[in-house]
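Report on the following structure.
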């Protein structure tokens, strides 16, 4: 049974590394799935975990968070702070029963155009396997009389 | 109890403090916070194992600050809270007197070092039922945990008693009161409750000293203390940092180590 | 109601090949808030830009979204176009339809839909943009150069000759640094004193340079253009104005046996001393740790002998505060002592010396007045072994980098030795010769061909003494690793060049990052080698990594040009993408509750504590305040702040929230 | 409509309730959850709790839910479609069993309050489709003070049917309204005739602690009295008391969604929060906690009686039990009668 | 001080004098030696050529046995055995999977709690100032100390601080009144196991060592490893044949030197077993050898 569900995926990326990496994917004309929309941030340190909650509440099926490799950060420590936040946030979400396989974290440098394409494609396939993200959407309708 | 009354009387009469924040008899067999500013009513203070609410929450309340330099009757977790508040620039150990009672011996802690020594000597011990709850949830699968928390949180009606009772929730305009943009839905439907409780846990990660006041305060009996206990557990396990031990400590979430490790960022 | 102009670019047909630009433009036209939506073949071309300018004027647009290539490419272009049409440039955003959409997807509805989503997302963002204005920061036109070696001298002279004020701070009693200790310099063998001393005098005479020797930086606060440096002038115990530099005091001082730092312990000096004859300033200092007066209160011979009565035993350290606009760090390097190397006797053998010590032996102003003599018994060594890569390129010793200058000065040492001791034999044990500079390899070949220095490719395993001789056991890898044993009279170790001591604490004072070996970290190894991550602080010379004099001087001039550039305009303008702490009406004044966790999270120390007081001066509350000069706009504090009291202009909470909502609705 | 007196055996009562469930009506009854009792939809009569003093949450949820969708909108190919949930929604038939007389009075007060000048369609429709079977109180704790606010452990006000436990598993049944009568008639077989029973001797004794009219009288002069600041020193400013109170009726309208689709929700609000009265200018007419604590008492015991002739409190004691800082309203009201001159 | 002892094969075989001198001086230094029961071969250099796991299992079994007998420390006089045991302890400490494999092999519990000590470390502990008072300047000879290789290398296993210029033995010799000379051959190779296959190389290398020591006027070379002793002493004829020079300098174990300083008789120190006549002796008069309880247990 060919699964042709087209997941909606949002990507929160940092401007100096992953956004530039995605630019490189473009200039090297590497094709990847159209399901991902990129939102530009100055640094991964700027990405607020509440945005993930809002994305899922609005019906996103998957989220990609990507930024500079450790020690590459243009602002020296933005990605280190982000890493700490995601370590705690991921385990808290799993503790409260939310399946974090829909969220992909990665480091993509400005030179890794191919890696960006690969991340997008693998994420789209994995989310397609997981199917539409219902649990979170249902949540936003329960408890209203 | 006598030693406490004596010490309170001395402090008030000497003018070293203008108000004693302590526990007094409440309605029925309950205990309520009392604010004693006259020496003769020092005997209203009581001290037994019913005294569990975290009184440090009153140290930042404008109406109490107006009363002058406070002394506070402190359980070990209150001492840890005060240390954490000092490390977050909310308090200075120079302008509060912390009274700790160990089998009827009252001692005054008035500087960072004595507070830290006392805190180090009194690690937090969870009551058995909490230990059991922690174990039960740890053994649940992710689906079971989802159902458990959805079921528990469905009772929440956003009265914010947990926020009000927590001494570390001292923001004058909380994230939830922020409507441009509305980060946390005001309505108490499943999404609004989830967003509130995960944000509360994230904000207390590495800061909560696990005093349990939030669980006590919740009128509908949701074990929300488990969320902040889990957040602190994650911070301790991942970054080896514990709140409420050092007055000059950098909070775990506002610092980092280059060698922090994780397995999920590819 | 906002009036947004949307301009969809075909980019020739880079975009229109797979994205239906007309459909995108039409769809966006019906989006609430969009007043103008067109597509055009080349938006970045002049007609394209004039399209934007005219639309702004005619339709009185309050915001512009250009959907074309990556903002990293043409954002400045389109923002300038908007500015020309008198629309605040920061009300113009770009949607990346080329690199992120047309080039990476096949032609089809999915691609066009994605384009529509991306553009509508940016429209929602622009609706919530605020007009922003470049930040103006005043600049103090005085530079602080820390370190008086050749790097510091060159930088100071360049800045001063450009008409700007310079404060040069040197830790030792005299400027000159390691270069002043050298005999002759490769590859031209001209005497280092002859080329350095005139520069040192020029520094002393230049009216724009204020020279503080025997002084250290106590602290540096503030930010680019507005630093405040506190300098500790250590007490010299000599009144510089009265002292004529006659040297009577030095001869009178009864203490003679203090190993001279300048002569690397081979020569001696008194308790009151001038480090070397050509010292600038040529005024003595008293070494208070060795002077009898400071130990027992007796002696004072120097004071009695001083014709100008310039000795001041009661002089105290002095701290002076100077407003500084920019800092150049030129603190140089140091070399490893022989005691660091177990296999070469842990510094036990007197005749095993470092390269710097050998320089002193070669130097005419050195302890042996230029004659090569063995420190143990003063005889002229007939057989001398030079050991390259001592400590460098050796992970076991924790120094895995190459010190870059040793190959060249070792060849120079061998050459000069042969010039002075014609019948002597010189051996050099080496791994690889690194002589890549201009005229370097020719110089090294001359050492072999003309001065007959024996180069043996191999490392030596041990040195030990046997009846007065130094037995050097090594291997010659070009002769099939044959064991070689040389009975040498003297061994010179080209020890590793390491960071100067105190480099780490200075880096912490300046908030400049440093690497594992305590060398200062440049902002970008290839593109910004003389800048640091802290705006306004520049680097030059060996403090950044070991390098020879030509490279050091060129870096010094480069750093000087950065400073001159900074000082060239009255004010410093910076992109207004910075964080701002919110201010509200009383009684709240700001939703910030002063936990200051943002302060410890900020990599640029850009967040300060501000006191909000009543008119009578009573403190109401402490809140965070962002220094616009230092904040680089990373936004870590914004996502971190629990009460959302701090927001980033250009990527505000409202904007990113709106982007997510629009994208998924 | 004559007042028939009936009695019902406990097991018949269970059958009666069982039949209500099987008849398709939603039965809400007190059930235990993590050491507290709540009014929850009951699917199995055996899980119903009979001997409890007070539930954690009040039954107001049935009339005035904590989050209620008033209307929703959606852009369908350019055109805006609006659904008004007061009309569109069908409100199912519901039966509340096990509420005490104070709660029944509270539900009546609530509907009267929401019917004042512009009637609120939502609460009205919910009230019409709700039948209340109350159970008189045979025990109470010292948080209760219903007799001091004009009601009593056996008050029939607001209930469609009132059962009073008269010992050996029998209840004295009083049917008060048509709704009660029609429900009673539909399951008459479970009831037995009986002569009039004076139920007072079965009810719990509850002495009057203060007179509410006396409180109302004194409150009109108590606005600047220091009594408020002393008591409210320990109040933490949460919303627990307001949200567990069966009579509190303040709400906040929230619009959630984007320009394409969204909902307008009505959610509970509490005068305990400072945000409740915060002006956009930053000024807050009720600056500190004592103002807000005063507002809570004044609204219930002074403003409501003055404007709506309704007393804003039924003495159920839930606010005192729920308060983390042990603000005891009964104690406060007693103090008002003692410390503020008439 | 009670301590476990792992003698190893050399101390029972070719270097019996090392064991005899150790047992002779032990009681005088307050050292109570208790041998490992049923100890096995440590694998020496041959094991780790053949099979890495075997080379870990053999020493692990010894350490496991030491744990069974509850020894906090284990004295391993022979340098080769010491090196094998110490490096096994380190390898197993941070490699749980190998540790499990080895514990299965030797089917004994192994936790790695016993600390492995070489002769120099133990002597350093027991040759206390008050013992020194008993033997002032009792061994007045100019000596050179030869450490060889396994006592000081590899640095990660053997934490000798100045690996290239060790001073522990020199320090011990000073304590018994000797004057250790500075010389270059402290850690030079003696040819070790080549002594069987290539005695010519051993001859040349040991020749260098002997020549340097004699040239500096040393009256004896002090060693603490059976292999060094056998190459420098037993192979003396071979060395003289290869170098064509005569060397009469004796090779003395550190334990024998201390024994002589204590005035114990030559036979109890096993000096009679040497190939090169021992021309140095202690100043004190010869005492009768005190019988120690451990001796009884062994013989």
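Residue numbering begins at 1 within each chain, and the chains themselves are lettered A, B, C, D and E in the order written.
Definition applied: a contact is a pair of C-beta atoms (placed from the backbone, for glycine too) under 8 Å apart; a residue touches a chain by one contact, two chains touch by 3 or more.
Just so it is clear, the model here is predicted, and its values are computed rather than measured.
Common neighbours of subunit A and subunit C (chains touching each): B, D. Fewest steps needed to get from subunit B to subunit E, stepping only to touching chains, is 2. Chain pairs B-D and B-C differ in how many C-beta pairs they share in contact, with the greater number at B-D.
Seen from the C-alpha centroid of subunit C, the farthest chain centroid is that of D.
With every chain reduced to the mean of its CA atoms, the largest distance from subunit A is reached by E. Taking each chain's centre as the mean of its C-alpha atoms, subunit A lies 47 Å from subunit D.
Measuring from the averaged C-alpha position of subunit C to that of subunit D gives a distance of 72 Å.
Separating the centre of subunit A from that of subunit B, both taken as means of CA atoms, is a distance of 34 Å.
Mean C-alpha position of subunit A lies 64 Å from that of subunit E.
Residue numbers of subunit A whose C-beta contacts span two or more other chains: 54, 58, 77, 81, 85, 143-144.
Across the assembly, subunit D contributes residues 66-67, 258, 265 that each touch 2 or more other chains. Residue positions of subunit B touching 2 or more other chains, listed in rising order: 183, 187-189, 192, 253-254. By the definition of touch given earlier, these chain pairs are in contact: A-B, A-C, A-D, B-C, B-D, C-D, C-E.
Those residues of subunit B whose C-beta lies close enough to touch subunit A in the complex are 137, 142-150, 154, 183-184, 187-195, 197-199, 201-202, 205-206, 227, 230-231, 234-235, 238-239, 252-254, 256-258, 260, 262, 264-266. Residues 88-90, 170-175, 178, 180-181, 183, 203, 250-251, 253-255 of subunit B are the ones touching subunit C in the complex.
If you check the complex, the residues on subunit D that touch subunit B are 33-36, 38, 56-57, 66-67, 141-143, 229, 232-234, 236-240, 242-244, 252, 254, 256, 265, 267-268, 270, 273, 275, 288-290, 320, 322, 324-326, 328, 330-331. Against subunit C, the residues of subunit A that register as touching in their complex are 6, 8, 10, 15, 19-20, 22-23, 25-27, 29-32, 34, 37-43, 45-48, 51, 54-55, 58-60, 73-78, 81-82, 85, 117. Residue ranges on subunit C touching subunit D, taken from their complex, read 30, 32, 584-588, 661-662, 665.
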